[in-house]
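Please find the structures below.
Look at the two complexes coming up: subunit A is in both, with subunit B in one and subunit C in the other.
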Partner chain A sequence: MNVAKRTFDAVIVGAGGAGLRAALQLSEAGLKTAVLTKVFPTRSHTVAAQGGVAASLGNTTEDNWHWHMYDTVKGSDWLGDQDAIEFMVKKANEVVVELEHYGMPFDRTDNGKIYQRPFGGHSMNYGQAPVMRSCAAADRTGHAMLHALYQRNVRANTQFFVEWNALDLIRNSEGDVLGVTAIEMETGEVSIFHAKATIFATGGAGRIYYSSTNAFINTGDGLGMAARAGIPLEDMEFWQFHPTGVAGAGVLITEGVRGEGGILRNSSGERFMERYAPNLKDLASRDVVSRSMVTEINEGRGCGPDKDHVLLDITHLAPENIMKRLPGIREISIQFAGIDPIKAPIPVVPTCHYQMGGIPTNYKGQVIVPKDGNPNTPVVGFYAAGECACASVHGANRLGTNSLLDLLVFGKSAGESVVEDFQSGNLSLKPLPADAADLSLARIARLENQKNGTDVHEVRLAMQRTMQKHAGVFRFNELLTEGVARILEVAEQSLHTEIGDKSKVWNTARTEALELDNLIEVAKATMISAEARKESRGAHVRDDAPDTAENPNGRDDKNWLKHTLWYRDGNRLDYKPVNLKPLSDDVEPIALAKRTY
Partner chain B sequence: MSINRGRVRWQCRRALLELDLVFERFLERHFDRLSDDQIADLDDLLRCEDHDLWGMVNGSKACETDRWKEMIGLLRQP
Partner chain C sequence: MSKRTVHFKIYRYDPDKDEKPYMQDISVELEASDKKLLDAIVRLKTKDDTLSFRRSCREGVCGSDAMNINGKNGLACLTDVDSLPQPITLRPLPGLPVIRDLIVDMTQFFKQYHSIKPYLVNNDPPPERERLQSPDDREELNGLYECILCACCSTSCPSFWWNPDKFVGPAGLLAAYRFLADTRDQDTNARLDNLEDPYRLFRCHSIMNCVDVCPKGLNPTRAIGKIKDMMVRRAV
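After this line comes the complex of A and B, so read on.
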C-alpha cells in the first residue's frame, strides 16, 4: 500500500507543556518542526495542573536550589537520579523567568515579583521549616502556561498537525529512530512523518486505572508506541494516588473537605480512621488515609453493592457552611455521585493521579536503553520529555509542583539536545525501511476486518478494574500475583477488539481502540514491575514489606535501590542502578535516609 | 454545509476530567437526537476554554451567549 510521506527535521508527538516547550526550542533555532497532537494544543491535560511550578526564586522566603534538590530526592524516596534532579532544580529559575517573559500571568507580590506559595513537601534548610517555592497563576497555572507556550510557538511558526493520532515509532535495523506513522482523523489516512529527530511528549497513562483524576486523553500513547518498538519502560510500578476521588468518576475531592470536618466512614458507619491514626484521624497524611481506606474495603467493610468504596461524610456540618466554604465540592458530588453532601455522604476511593515512571531518558532528554554493557546508551534520533518520560527526577514519588517544572526543564532540554545534535551533524535523514508503515497498517486492517471480537469498552473496563484491585495504592503479594495472570488475559482480549463503526473519517471508535492498544502496554508494565519489586518505596507500598528496624518504611536499599526496566517482548524485566551522584561538584550526594515528614 | 458529527463528537474530548465525564453522559443521552442546528450550537460552544466551559456547566459562571444555553442545560442534567 502506498503511504504518503512527509519529511521534517524534527517531529514532536504531543502538544501539552513538554511538547510545546520542546517545539519552541526547535522552531526558534530554525528547524523544520512538526507537532502532532490528537487534540487542539490548549486542550492538553496540562490545563488541569493547579498547584504551581516549583522554583527556588526566594521571592518571599529565603530559598535555594540545594534545599529544592534535597526535597526532591527525599520525595523520590532516593529512587530519583541525582544528576537529573540537580539539573532540574538548577534550571528552575531560568525556565520560570523565561515563561514570565513569554507573558505568563504569574501572581505577584506587592513589589511586583512573582508571588510564591507554600506547598506540601517544600522545605527550607533540609526539612526544617516550610518554604514558599511554588509559582502560580491563581488556580490556573497549567492553563496559563499552555497558552503562553502556544502563543509563542505560533510566533515561531511551529507547524501543528492537530487531530492527528500517532500510531507507531519507526526504527531501522540499527535501532535508530526515523519518525512515526500517524493517522489523520479527518481523512482516516495513514502517513509517515520521516524526521532526523523524534521527541515524545505524550503525557501520562492514568486511564489504566478505574479511578483516575486524568482526562480521557491520557492513554499513554507514547509509552505504547515505545514499548511496541522494543524500548523498555522504566519504574512503571510507581503511581501517585490521591485518597479521595469520587467513586466511579475519579474527580478529586480536595483535602480541604476533611480539613473542614469531613469524616471517613465504612459500611457500618464507623469512623474507621480512629483505629488507624488515633491522633490525627481523618487528617492523617495522604498515604496513611489511602491505605486505611483500602484495608477497610479489602476486609469487607466497603460500601455500596460491590463494597468497593468508603464514605466521606459532611452531613453533620451546617448546610450554610457547606454552601459557603465548599460550594465546588457540593456541585461535584451532585454531578458525579448524584448525591447532595448536605443530605448524604459522598462515596470516595483512592484515585490515581500521576505516573512517575515512563520512557527512560537522561537529563538531556535523550531516550536511553541498555546496550553493549552500558545501561544508559542513547537511542539515535529519539528524545522524550514530561510525564511520558522518566529522567528520573520523581523516582518513587513526585514532589508537588515538580511536574510542571519537569515539563519545562526537560521539554527545553530535549529541544536543546536535538538542536545541538542537529548542528553538530550527528543527526541525518536515514533511509526508511521498506516496512516502515506495515505495523500501523496491519493494526488498522485488523480493526477493519475483526469478526466475533471483543468490545473495546468492556476490555478497557476489565483492564481498569484489574489495575485498581490488584495494583492500587496499597499492594498485596497474592493480589499482585493474581493480577499478573489477570492482566495478561485482558491483554490477550485486547488483541481481538472489534469496532461496529468502520467509517473512514472521524471514527472515534477506532481511535479508542488504538488508544487501548497503548493503555494495555502500560498496564502490563505496571502490574509486572509492581509484582516483582518486593520492597515498599515511595508510592509502591506492599503489605508484606512493612516498617522494620532493618528496612525503615519497608524500603530495602540492599536489594532494591535500582530502576526497573520492563520490556514488552516476553514481559522481561531488567534493572539498572540509580544514579546517586549529582551532575557537578557543587553539591554532595544526598545520603540515603529514612523518609519521614 | 452540514457539520460532520464525528468531528463534533471528538471535540467533546477535553482537557479536564470533569468535562469528559459530563460529555460522556451527554453523548450517550442526547447526541444522536440533536438536530443540525443544535449540533451547530454545540460545535460553537465546544470552542470555549475548558475552565470557562466547566464554570458554565457547574453553575459558577453565567452563560451569556444565548445559543449555548440549551446545550448547557442538557450538559447540566445530573
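After this line comes the complex of A and C, so read on.
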C-alpha cells in the first residue's frame, strides 16, 4: 500500500478541550501544526461536561489556591503528585479568565462576575464547609467551553484534519517519537504525519465498562497507541464511578445538581449521605458517595421494583432555579428517565465516568518513562494532556470540575513546552525508520483478510461485562484474580476480529475493530494493575484491605504509596514514587491523613 | 419494554461498490434496553456491520447523529424508537452531498458557519480578570449559544437547498446573532456588513422549518429577525 507522508512542526491527536487548548499555543506561536481528530472538534466528549470548571476566583465565597490544593490532594487520597497539583491550582484563575476573554458564555453573578457553584469535595478552610469554586455556564459548561475553544482556533487559523483516525505512534530506535500514522475515514488511505513534536490529547477509555457515561468515541486510542509503542500506562486501576448516572441509560447527571441543593435519598426517603459524610454530606468526594450508594443498594435500601438504584431529589428547589441553572439536566431526565425533576426525583446509579490514570507525564505535559535509573525521563518529542494523560493531579480519585481544569492547564502547558522546546532548538525532524507504517498496515491487512474470526461487537461486550463485574465500585480479591484470567482470554479473542464491511469509504466497522484494539489494552492495564494493588485507596477499594487502625480506610502508605506502571510487553508491572513535594516554597507539603468528609 | 421487532427502510449507498443509491428493507429485534432510534440502529449494525452513520455522545449534545427520520430531520439519540410509525424510513440529511449511507459531506455547512467569524472580537487589551457582564446581558445569549452544529436546521431549509454556497443558513445566522448579541463583542458593524447581501441573510423567507426541527428547541428564525432589525436600525 502506498503511504503518503506529510510533514509538520507538530501534530496534535485529538481536538477536545486539551487538544484545542494546546493547538492555540502552537498556532499563535506560528508553528506548522496538524490537529488530527476522529470527529469534528465540537463533537469531542468535552462537550458533555456539565457542572463547571474549578478555579479559586472567590467571586461569591472567599477562596484561595491553598484550599483548592488541599482539597485536590486529599481527594486524590495522596496519590496525586503535589508539584503538578500546585501547578494546576495556581494556574486555574488564569486559564478560566482566558476562556472568558475568548468569549465563553459563563453565567454571571449579580455584579457581573463569573458565576460559581459548590461541588463535591471542594471546601473552604481545609475541609470545613462547601465552597463556591465551580465556574459554570448553566449545566452546559463543557459545551460552552469546547465551542469557545474551537471558535478561538478558527480565529487562529488552526489546521484540522477532521475525521482522521490516528493508528499508531512512530518511534525510532532511540525511542524518540516522530509522529503518528493515521487513516482518513473518507478514503480509507493511510498517511504518516511526520513531526518534530507529537501531542496526545485523545481522551479517556470509559467504554471499557458496560455501563458508562462516556461517548461511543471514548475508546482510549492514545493509550492503546502508547502501549503498543512500549510506553507504560500509569495508575490504570483508578476509575471514577460517577454517583449519578441515569439508572438504565448511563447518561450523566451533573454533581452540580447536588451543588444547587439536590439530595440523594434511599427507599425510605432518608438522606443517607448524612450517615457516611456528616460534614459535606451529598457533596462528599465522588468515590465516597458512589460507595455509599452501592452500600445502600446492597443492604436492601435501593429504590424501584428491583431496589437497584437510589433517588436524586430536587423537587424542593424553586422551579425557576432549575430552569435557569439546570436546564440541560431537566431535558436529560425527561428524555432518558421519563421524569420531570421539578415534579419527581431522578433514579440514579453509580456509572463509570473518568479514568484517573493514563500516559505518564510531568506538569509540563512531557511524557515521562523510567530510563537509566530515573523514573521520570522525558521521551523526546512526545507530550500528552487531558484525560489520556496522568500528570498526576487526580491520583486515586478526581474531584468534580478538576477535569476541565486539568485539560485547560495541561493542554496549555503541553503547548507551551512544545513551543519552548521548538524555539530553543531541542526538537528536530528525525529521519523516519523504513518500517514506520508497517504495524498500522499490518493491522489493517489482518482485518481485511481475517477469516473465521471473532465478532467485534461480541468481543467488546465480553470485555465490558468482564470489567463491570470484576473491577467495579467495590473490588474483591477473588473476582480480580478471575478477572485477570478472563480479560486475557478476551484479549486473545480480540486478535482475531473479523469484519463484513470491506469498503474503503467511511468503513465504521473497521474503525470499531481498530478502536477495540485500543480498548483492550486499557482493559488489561486496568485489571492487572487493580489485582496487584493490595490496599484500598480512593476509587480502588477491595474487600481484603479493610479500615484498620494501622491502615485507615484500608490505605497502606507503608507499602502502596506509589504509582503503578503497566507495560504491555508481558503485562509487566513497575512502580515509582509519588511526588509529595510541592513545586515551590509557597506551600508546605500536604501531610498524609485519614480521609473523611 | 419487551423485545420487539422494528422494520426499517434505509437509504444505502457505498461508492466503493454501489452504482447508485437504493433503499434497503431490513428488520431487527430490539432488546428491552433499546429505547432510542440510535439504540436501534446500533443494534442493527451488529447484524449488518456495513451500515454507516455518525454517532458519539448519545445524549443530544455532540450533534453527530442528525438524519432524516420518516421525512423529518432529527437526532437519532433523542428520538424514541417506539414513537415512530414503521417502517422507519431513514435518509441522510437532505441537500448535502452523500458520502456513504447516512453520512453526508458537511463541508458547505461548516464553511457557512466559519464565514460569519464565529468568535468573539474585542480589541481592548484583556483585563487581568474576567470582563464584567450583567446577568441580564448574559441572558441575551440564552437560546443562541446552545447550538450543537448538527445541521438539522440548515438542511431542512429550502433557501439553503437552493443556495448552499450563498445563503449562510439558519445555523450560521444563529451563530452570527450569538456574537451580535454579546455585550463583550465590538465587531457589530463589520458583522452586519458581512451579512448585508441579497443572499447571505435575506434569502431567509421565514418558512420556519429550522424552528420545527431543532432538537435543542432553538429558534433561528427569531435570531434572523433580530439581525434584520439591527440592519434596519443601523440604516435609519
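The rule we apply is simple: the second predicted complex is superposed on the first by the 490 of 597 C-alpha atoms of A that agree within 3 Å, B and C clash if a C-alpha of one lies under 4 Å from a C-alpha of the other, contacts with A are read in each partner's own complex, and residues count from 1 in each chain.
Assume contacts are C-beta pairs under 8 Å (C-beta built on N, C-alpha and C of every residue); 3 or more make two chains touch, one makes a residue touch a chain.
Values in this document were obtained by computation on a predicted structure and should not be read as measured data.
Q: When both complexes are superposed, which of subunit B and subunit C contacts more residues belonging to subunit A?
A: C
Q: Quick check on the superposed pair: does A:251 touch subunit B, subunit C, both, or neither? Answer first, second, both or neither.
A: Both partners, subunit B and subunit C.
Q: Is A:39 touching anything from subunit B or subunit C once the two structures are fitted on A? First, second, both or neither.
A: both
Q: Contact-wise, after the overlay, does A:499 reach subunit B, subunit C, both or neither (first, second, both, neither)?
A: In the superposition, A:499 contacts subunit C only.
Q: Once chain A of both complexes is superposed, is A:508 in touch with subunit B (first), subunit C (second), both, or neither?
A: So A:508 meets both subunit B and subunit C here.
Q: Should A:334 be classified as contacting the first partner (subunit B), the second (subunit C), both, or neither?
A: first
Q: Contact-wise, after the overlay, does A:114 reach subunit B, subunit C, both or neither (first, second, both, neither)?
A: So A:114 only meets subunit C here.
Q: Please identify the positions on subunit A that touch both subunit B and subunit C, taking each partner from its own complex.
A: 39, 42-45, 47-48, 140, 143, 186, 215-217, 249, 251, 328, 331-332, 335-336, 503, 505-508
Q: Going by the contact rule at the top, pick out the subunit C residues touching subunit A in the complex.
A: For subunit C paired with subunit A, touching residues are 14-17, 33, 35, 45-46, 48-50, 52-64, 78, 99-101, 103, 106, 110, 114, 117-120, 122, 126, 128-135, 137-138, 141, 145-146, 148-149, 179, 182, 184-185.
Q: Would you pull the subunit B residues touching subunit A in the complex into a rising list?
A: Spelled out, the residues of subunit B in touch with subunit A are 4-7, 9-10, 13-22, 24, 49-51, 57-60, 78.
Q: Contact residues on subunit A for subunit B in the complex?
A: Against subunit B, the touching part of subunit A is residues 39, 42-48, 140, 143, 163, 185-186, 212-217, 249-251, 327-328, 331-332, 334-336, 338, 503, 505-508, 511.
Q: Mind pulling up the subunit A residues that touch subunit C in the complex?
A: 39-40, 42-45, 47-48, 57, 97, 100-103, 105-114, 137, 140, 143-144, 147, 151-152, 154-155, 186, 215-217, 248-249, 251-252, 328, 331-332, 335-336, 456-457, 499-501, 503-509, 512
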